[in-house]
């Protein structure tokens, strides 16, 4: 008979401006592999961080088997002591230490370390898991995959009751994934409950027993794997938006034959981020979309066009003229704008005011010796604060104190101020409230009407359907399809994304 | 790791062999080598003259000079002195930044049979640890100034003491003299501060500040020429008269040539010599030691004083530094 | 190894990658340590070959290198620890000066003996370490500014205690500090034919014991390894279950304690104290750590490296002294040039290694 | 501007007080005021400024305030540059004292050539000024390359020139210590006939130039953007490497000017003892001005006020006959108090306490029962 080993009820957590988790329940049984699914910003990572004590929850309770009271987990150490081990998406080991050290550090350990014992033990564990690394090797000299496996090995060795794997497979190849899965099944048989977070649908169907789907910080439901077909899962993850949006539809289609209207044309572009050479073109007034799951290469494509990643090959023509874009500044001077995906680390400049954040890109283009006067800057800022309905105390408020949606609007204003011919919006609606999302979508269509070419990238298919007139579908760093007109239905997109092939590594 | 250790050991072995080899090569051309541990290179004009004097005199006497500079760091000076002992200089001359902490060096020198000569500043060593001493008696210099000041028969004496580098024997001796002099004669010390280093800048700032705060003073006791010059600059700027015909009497030490010119011009009232020309004295000392003559152990450099009333152009012209 | 291909497109670089991985068996720490040790040996060997007649041919010269630098070795060990955790401490020079003066005053005037003055020295050092540690670790104030305050405090307090230069006048202490270990069978004949037994100060033994102890601490204890983890990536260290704040605090406390020991050794060696005592000692210690392969960014460093860093610095000073120069500016310029060389070398190596691992 | 004013809170009087107290130069200003009050208390004539005459009969202003303003010149100028460096590269330049010696040395060498007491200047003063500034900028560029290109932490990179600078200066002067004719002293003292000390005028000039530069170029915006978020800045077309380099060169220029003023004060330079320990004072000024030493946003006014604070403190202690070597104790006390007040942890702690107090007033809700695991 299976027992519940973890029960989370009514978990709430919010960050300034965002409700990251609203009343989320989650239950994990002994000897179960439970997939936690959802697109970016759905709240998976937040839920996991609440469970492991990185964030303090604001409401709800967590119960563990064997304890008659709800627990408050204050730190990762406490979580470890309670038997909750985590392998994070970004590797949270110390690259400057050796493999053996990473296996044992931070655990309730003896004061004097017996290295020989540890190294032998580490080698034994590595061997039993088939990881080809040496215990004495420095972690940073291992490949990312091996580092990931070491992290898992560490968690396994800690004899945890609950093992959380947060996107562990994103950097593993098939053989390694297979190894990992056999390891997971092995642990499952030993009675460990595993929470498995991944973007790869095949893997979910291969190894999991149950799926819990989150969207926008809310619980969508818990399903047995056999009750939820793949397409149904995708639609649950991507969700359906408010009805009033269906009225929005962009009909501008690109007539490729009208050469003079082509704004950007890319041939065989490839960058050091790993994308395969790709072709792409867009016309005046067209809204194109890059669809695909996270890590499919949708961001890497546009980063290459903008010159944010190092370009290794291919050519770009802007309005028919070949240009050599080596840096963002060159792209900007050629009329390209890029709203980056990770707002916090690549978008906002935290301590600076709304006004300064807004005028930054335009200011850089204008040049070092031509700053805007204060009045001009305020005029710009006030204009766009009004135009986009940005909720801020004043133009002098530091941007970091704004809500996510308003921050995004400020960044959007930054690029609109440069009046680009071609604007790339990478996940402009991630982690922001519904109202702002609608505002941004409407704005995109309005801009396209005024003749701007836009590329819109989003994890939410509905949003892309409403705004884009043509969709480029990506999978595994490759363009796998292009959909337009009649073909642009949720079904088609999801099927193209999910792919006929069962093996994600196959291209 | 093991490989590393063995590699290190192997290399150690190799270079200890090389070391034995190198020792045989050590040449001895009969020239007398004098190792000099100097303080800072040019902390003041006095020091510059001092360095120059030794270099020139040793060269003229046919000695080989090995001068090292302490970079203002006591511990470095000690390390350098130890190195000179290992290098087997024939004589070791030490001008210490600090007077304390030289026993180990002195003992090492004694063991190695290298005569140690203290110059400029007295080191706190027991008699048996050094061979000779050619030093300035800083307190005596200060006492000269005090005696001179007493002879001036002023109604009130308000003194500004501009001290040198904290803790150097020159500062200690000269400050002690004036402090004791003031106590016995009932003089008033308005200000007594050590200026980091021996520079014009801080002295000038201090006097400017004093003038601004309205403190009255009529004697400047600057522990070297440079600081006296800084103080004069400050008084110039405030229109306070000084020197022979002025309200404030300026007492300076060291007696550089340019300072004597100022004495001659009546800008300084008194400059007490602190003779930096140790070179010739050291040469004669070393030469008599070489001959095996007995030398007087503790020699204080004869020092003159130059009063603005009595100084002549001839004295200034005779000055070589 | 072929099973570890992250993606097919880099498959053709497999051969190169394999080679790199084999070469990168050395951890960063050991790699930099190797460079430091070989550099020291090279420099010293060159000095022996070319400056043998200037004293480098003597064994005592080698021992003097330790005699003169015992205190610096201990202090640099402390700095290496805080640098490994990604922090810095520039107060060690100030605390050393304070220890010297305070101990001498107590020895001369208040009837302290060797032991009580040692305790006083340790207490002063530890007090600096604890206070700075609290501000840095728990109040999250920049280490630089906190220890700048510590440096000011140390130097200033010296002047408040005693402005003048002072010297130990305590027979017991003097006797102890004048004692030497005579090493049997080793020694040199000087040109006067006197045989000089090689001598080592007791402070050196203390310093070397401390080096070994700190090495064991860093290598063999969980605390030592958490210093590295915190310096390597504090975020990860937190996730791995390390108490980052406490680790940082302990690093500073330990550095303070070592500065206490180092300060006492300094006193033991010089037997004098003044306001200007140990000026620039912190910078000497920092540069010794850097030359010894400790990265200021944290996470990489080795105590033996630091030892050799100190010795290298000392050797360079001696070489510059031995060569001698009428121009007083060359010693410092030479030393700075050497520092520059090391820093750039490290930077280049680190960036190349980083690029490789990516 | 007018439209912007409207958005300000309605509760005027309270918000004005709050915004003053919360303004980032409040603490440094309050501190400087406090220090001045202490000074007035100790010495009632502290604020008195009188018109005197120098020995040549030219009118000069005499007073403690004038001295502080004049003596703070180097500190203020260096603090301006240091603020930019701190903001962009998240670290400090500890070599400013040594590089100041270099530029001062170059100035003296150019003016005096190989003579120790030349009767006339060997070159026009403007040439010396320019060469001095170039020397400073070259040192800045050296540090800048190490920091921006080789990604070495500023403190370590500048340790090199910190070690070598004063010796290089001595070499630049050929080992001599010349004294230039007194007409060179106009820039560090008084221009005959003009009663305000020239350094004060130079400070005002530099401050105006700085403010104009910040207004007329994007130096400030770029520096802050790079300091806060270099990654995002480079996606906005900025070149963080270049900007970091540039701030070091600007600091080098400031060093050049400060070196010129300093060498003009007594018309001579002693490379080994000129401006001892000024690097720490400059960094302290930046920190006292409410700037985070961790980079990012900066506050130029704060740094300038910080510099004056330090000079006031130094002068005060000097006139009080406190031993110069004991002055650091007071600085240490001030640093500790100020950094603790400004520490984010302490701020957060008090905000939390305040919040708790408020919420306790608002609701008397009972505590949840939790198992607290240690």
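Each chain carries a letter (A, B, C and D) given by its place in the written order, and its residues are counted from 1.
Everything below uses one rule, namely that a residue touches a chain if its C-beta (ideal position, glycine included) is under 8 Å from a C-beta of that chain, and two chains touch if they have at least 3 such contacts.
Since the structure is predicted, the reported quantities are computational estimates derived from the model, not experimental observations.
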Path length in steps (a step moves to a chain that is touched) from chain A to chain B: 2
Contact-richer chain pair (by C-beta pairs counted) among A-D and B-C: B-C
Far-end chain from chain B, centres as C-alpha averages: A
Computed distance of Cα centres, chain D from chain A, in Å: 44
Centroid distance [mean C-alpha coordinates] between chain D and chain C, Å: 31
Chain centre separation in whole Å, for chain D relative to chain B (CA means): 35
Sequence positions of chain D contacting 2 or more other chains: 170, 175, 323-325
Numbers and ranges of chain B residues touching at least 2 other chains: 40-42, 72, 166, 194
For chain C, residues that touch 2 or more chains besides their own: 159, 163, 275, 328-329, 331-332
Chain pairs in mutual contact under the definition given at the outset: A-C, A-D, B-C, B-D, C-D
Residue ranges of chain C touching chain D (in the complex, touch as defined): 88, 135, 138-142, 144-146, 148-153, 155-160, 163, 275, 283, 286-287, 290, 296-297, 327-333, 335-337, 339-340, 343-344, 347-348, 351
List of chain B residues in touch with chain D within their complex: 40-45, 48, 72, 166, 191-202, 204-206, 208-214, 229-230, 233, 235-241, 258
Chain D residues touching chain C - in the complex, by the definition given at the top: 92, 146, 150-153, 155-157, 159-164, 166-168, 170-171, 175, 280, 283-284, 287, 292-294, 323-333, 335-336, 339-340, 343-346
Residue ranges of chain A in contact with chain C within the complex: 54, 75-77, 80, 86, 88, 91-98, 101-102, 105-107, 109-113, 115, 132, 134, 136-138, 140-141, 143-146, 171, 173, 175-176, 274, 276
Interfacial residue positions of chain D with respect to chain B in the complex: 43, 45-46, 48, 52-55, 57, 60, 62-64, 66-67, 71, 117, 170, 175, 177, 179, 185, 189-190, 262, 265-266, 268, 270, 272-276, 315, 318-319, 321, 323-325
